[in-house]
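Notes to accompany the following structure.
Which chain is which? They are A, B, C and D, in the order written, and residues in each are numbered from 1.
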């Protein structure tokens, strides 16, 4: 479909662009003291965008802009997910103590732009668009990570992020260039055709190219061994941004990865629900399995050492990326389904955990475990919801986290006995993770004395805690609607040439 | 065919130099230049492929887009380095290492 | 009547919510609320017993509701002769537990809220017939337990709590793998009854990595349950947790939570993998033997009374395992000796209940002395018999029950376990009879050191056991005595269910070499 | 159907003492006189009932009278256990013995334990014991027998430990229970062996099963030996004899009731009951254990100075006799000896009790708490001070020494005859009669030694002698009664032949054939015994006289000096004095090693396995996380981002120092590029 026609299917993105512009312009007319209002503009706008996406007839699966991006339920699902995350984060950002003395106008506009980039990311089926979207998201993230200009840690984070990011996306680009060279096309489906046609002699080349591309993906979802930026950036960046980075770009990158592996390296079978087979002889499933195991193990194991809750959560988010990657090698309908379910659950529990960190930092102005002493007695809401998030992140029923893991493991078991070892390792990992997650709980309740005066965080923050905590619990008990929605979103655009 | 290989060879060397630069330079600016080298190596590939590989123009387009993005990236990166300089009075990447295990 | 099982499960949650709304200053009100909740629950269990048809070996009072159709997960409850006694025991011990923990000072509100949550978890495990539901309840128990040990426990409480948690979680993770394996290889259902029907055929001949699927799943599930029992190599969490936990929680740990393991093995492993039973029974008996001897010896060496009682649990559950192994006696290969199978299974299940009451009693009594002397060093006492005769008398009965004295319930179940397993595993049984000597040794020795000899003048104003404590321990005493003299009522409840299980295992097993 | 009246009697006999026990435990202290009258009342009723049954038996005079009644105790379908009563002549006689001695003990104790702090509890425990003992006697099946078996053990545990403030008492009670448990394990294994073959616990079924041969050969032997182990424990046969002497720590009436007359006799009773299923091999084991115990214990009794210890070992040796009799086939003789022995041995204990009692009082008067009131070396010359005790004890001593006209003579003679005939049948077992007669000799010797040391000669502690008085009549009553029962006449009625056991007993308790193939039939045994009868009688009279004379010569005539003898016999004397060091060796080679093992195991479990293996995982993870964390930071993080500086420093230095360093680096990276190029070439 040519560009002009495409516009008629592109209006959510256009709407988003308008929202961003409005935010920027509005920011010019207000003084910094009330720059927070921009946040509400963004939130409001995002809600509109969400509605427009919701009512967009995504069932009409189609490609836009001459096969640059697609419009399909799969991308719609991720768009909504990302919008939700963005809304949550923006609301919390309004009350984060870190951002007190900064003008928040750009902050929110940048958030908007990242969202836009992510939209492209989740729907791109063209190498060019892949790179462009990644870069959009990355560049904005660099800026946001270093948003606290006066804070040297924030600066450092930004520097590391930018160098690391640019470096790995560069490597990815180099890999992409080889893929282009090998296939003469940048379109997923044509590439897949050529790969399928190409003989074994080019496998090694493809392998190298794929590995280089993987460097890019791995960096975005912070998978070992491309994760080294994560802890420092997460620690240094404003907690709100950390929270955002821990969920939204991951989701986008995962979506992109799914498309890439499913449609470039496999025959896209997962899209139509059947198990797919690798169309090239390169062992990408085993590479991914290895990556997944490494990622969760390193994430969990290192997390034990942390004394800074924020940093601990950074590693935990690495570990969770590992859990999601677990399902990737199977690349069956169920596994993709499982990843999507996991993302939804992960969104609530992980954001919730970070919101707690923000709340606590507002109060004690610290992020280390010591700052959490006796918190459970002092701030019951925070204590209870944090406990809930930790339990959920560990993956114990009856919480959302368990359901996520349950779906992942189920898809693996269904994938056949070849994947059982992954399940066992995943399980043992969640046992390890219990250790450091419960450490927070322990500090909050066992250390430190119970206070007689109770403390309650500002209304909005407590509200956000509940908004994340309640689903974390409820989805652990009854998740049918979500499951069905995801089931219906499990429709992909597949072009057969 | 040979010409293509020459280009690829140059690109590979550029890429390697870029990687090397990123790894060894302590001056932030130099590190960023290393990144630029990598990107341009890739660009060279794209152009070469689409010129000699007898392929469509996607390569050229890709190249152009990459140049644009690289510029944007560079801008942001430089801004960050300048910010570092303001706070730490140095642009040596190794002096920015407060966060570690 | 129709939803009685749901009531049993969810009543504590109601109580918990109620407690959540009571301001934490009103401690007495909170305690009363907990007492009422558990009391009503206990009453309901008795009603259940009253309406239970002991002639019917199948599931009764079934409740079914669709839950997660996409995974065939349903809210499926039921009770049979195997679970009913455990349900009653649960009701009773939690009710008693409230009064045992009446003197809790710290954070009463949180304590009883978690206490009730734990109650729900335990009830749920015993009553749920859907594997997913079963697993959820299984895990729901962990967190409250973690808090109850870690916050209200002894000096090493945090270590004990996390250890308990890690241990159990490890087990249940393997269990989850096993459950999923079953789900996908047995026609995508979590319904335990359905699985019991289809699993034996569905798994037969299925191979994973050159191993029979039955073996793999059996082991995965068994480890999960074995950790709870606890079976020998997985038992080290128990002494620690029991010793550190507050009295009421030790009571519940020993009284009920250990039973979950045996219950799970019988309900799941036996029900779903009859061939596995034949494959594993020898190992089961052997592990039982090890439990008996190892636990006995460890108990003999203890200087901390509570630890001694804890190890005695290891030792006692060993008898249960030996009894369970006897089910294979009913197989053709072993001469279709139904008698032995019934004796063994009956003994094992009876032993669960008896150990529940006896060890609960023991832990309460340990708590009583700890309340007064503020230590549990066996050597530190002496001559208490003349100081607190009533307490001495009750402890004597409890100890004698523990060492399997005829006339007290412990003896019958142990004897049944032995008699049942004997025809199949002569050597093991004969070896494990040494265990009953060890029982006598460590209990009597401890008894002598605590109660006999000259009174340690440090304690010549030690107060006698008070009414509240009597109220908690005497019912258990009476039950122990009653079933010791006349076990028939209990065995009537379970016998037809046991027959069902035995027949199932015998008939469904393919006896194919795995 | 209406059960036989005896069943109802038995029910009362069984449960009345239990009722007394319950009352005593809960209300004893509050009742007047601490409620001893409750127990005495209850026990007397049982005595009346027992006598009633006994008289009935004598009136019917039916040698194979037997009634049985049972009810379903637990039922799992195929597996079910019936408990019930089996009442035959043996039962009735045993019931009478238990009731009689128990009643005497109750009455005796009212004085002996006057003012004891746990007076009521003591009577309660007596009730519990009587209940359990009757349970054993009445049991018609192995299961309930085993249960009451253990209950008896408990009541003895409680009664031995009555004065638990004394560590010796506490230890003795524990020892008694544990030693019995060892025997009980064998008992239980035997039960399981039999049950798994026969599928029932009831004696009748078991006998039928064995007769029908479902269990035979080694298995049956093992089963028999297993059951006999129970008997060994209770009847304190070698090597499980160690507990009985220590059990003397209990109050003397208890020793009379349990550790002389009834409880220890339970082992014999069991062996008598199961005699029909004992294989020849098993019987041989039984015979040797019994015979050896008899002579072994006697040899210890010779040198003991504690009056109760002497009696204790003599009890062991007499029980050895009975077991020996069972082993050699004349099990009715064993039961006969059980009966007579119960009477005179109980009496001897009462007598010693009365002596100790007055000794105690005398010492009390003198405010002397050091001297041991039980040590015969502090006694002597009590004859005139406490005549009743003396004369009746003398009767019993005659009996146990096997002097004609006394009960002991008859029963012992029957046993010896049986042993002798057995040896005639199997000459290779000539040791058994030697054991028997040797024991008889020593018995006569040490019993009279005891009498002489206690009652004759000069008072060893003259200052006491004035305070020694005859005991009150609650104590002398039983003594007189049982003393009288030591005469032969009661056991031979309606005949008056002091030389032959022929009487109501032999008429009513006739041996039955063993159901095990290969055993001699009852008649053959009877015949043999009859042949050996007179020879045995002569020998036994001879050895008895010899023994008595010997001790007379030693302790009255002082013709032979005991000290010289002991000095001369050297180590033998020490061994005997120290009970052959059994306790010491058990302690060294069994108890301590077990405890050490337990400690080791606990250590392994707690310190080693748990701390290093289980927690090892934790530590491993921790360690791994440190390493990875380090790797994370140092290797990559540093290398790629922070570390660029560090590396460039390093390389910079290389720039200066060694050219190759730089060169190598370049080469390295260029090479990488070249490789990639090669790859591209390949398509």
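Throughout what follows, a residue touches a chain if its C-beta (ideal position, glycine included) is under 8 Å from a C-beta of that chain, and two chains touch if they have at least 3 such contacts.
Everything numeric in this text was worked out from a predicted model, so none of it was measured.
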Requested in this report: Please work out which of C-D and A-C is bridged by more C-beta pairs in contact, and write that pair.
Outcome: C-D
Query - Central chain of the complex, centres being mean CA coordinates - result: C
Query - Inter-chain centre distance, chain C versus chain D - centres from mean C-alpha coordinates, in Å - result: 35
Query raised in the report: Could you state the distance in Å from the CA-based centre of chain A to that of chain C?
Result: 44
Report task. Could you please state the distance in Å, as a whole number, between where the Cα atoms of chain B are centred and where those of chain C are centred? Result -> 66
Query raised in the report: Taking each chain's centre as its mean C-alpha position, how far apart are chain B and chain D in Å?
Result: 94
Query raised in the report: For chain C, which residues are shared contacts with two or more other chains?
Result: 166
Report summary line: Where chain D touches two or more other chains at once, the residues are 618, 629, 632, 637, 640-642, 676, 680
Requested in this report: Mind pulling the residue numbers of chain B that touch at least two other chains?
Outcome: 8, 15, 22, 31, 93, 96-97, 100-101
Requested in this report: Could you please specify the touching residues of chain C with respect to chain A in the complex?
Outcome: 67-71, 106-107, 135-136, 139-140, 142-143, 146-147, 150-151, 157-158, 162, 165-166, 169-170, 173-174, 176-177, 180-181, 183-184, 208-209
Report summary line: Counting only contacts in the complex, chain D reaches chain C at residues 25, 72-79, 117, 143, 146-151, 154, 157, 161, 164-165, 167, 169-171, 173-174, 177-178, 181-182, 185, 188-189, 192-193, 195-196, 199, 594-595, 597-599, 601-603, 605-606, 609-610, 614, 618
Query raised in the report: How about chain A: which of its residues touch chain D in the complex?
Result: 159-160, 163-164, 167, 178, 181-182, 198, 201-202, 204-205, 208, 225, 228-229, 231-232, 298, 301-305, 432, 435
Query raised in the report: Can you list the residues on chain C that touch chain D in the complex?
Result: 163, 166-167, 236, 239-240, 294, 297-298, 300-302, 338-340, 342-343, 346, 383, 385-386, 393, 400, 405-407, 411-412, 415-416, 418-420, 422-423, 429-430, 433-434, 436-437, 440-441, 444-445, 448, 451-455, 486-488, 491-492, 495-496, 498-499
Query raised in the report: Where on chain A is chain B touching in the complex?
Result: 127-128, 131-132, 135, 138-139, 142-143, 146, 149-150, 152-153, 155-160, 162-163, 166-167, 170-171, 173-174, 176-178, 180-181, 184-186, 231-232, 235-236, 302, 305
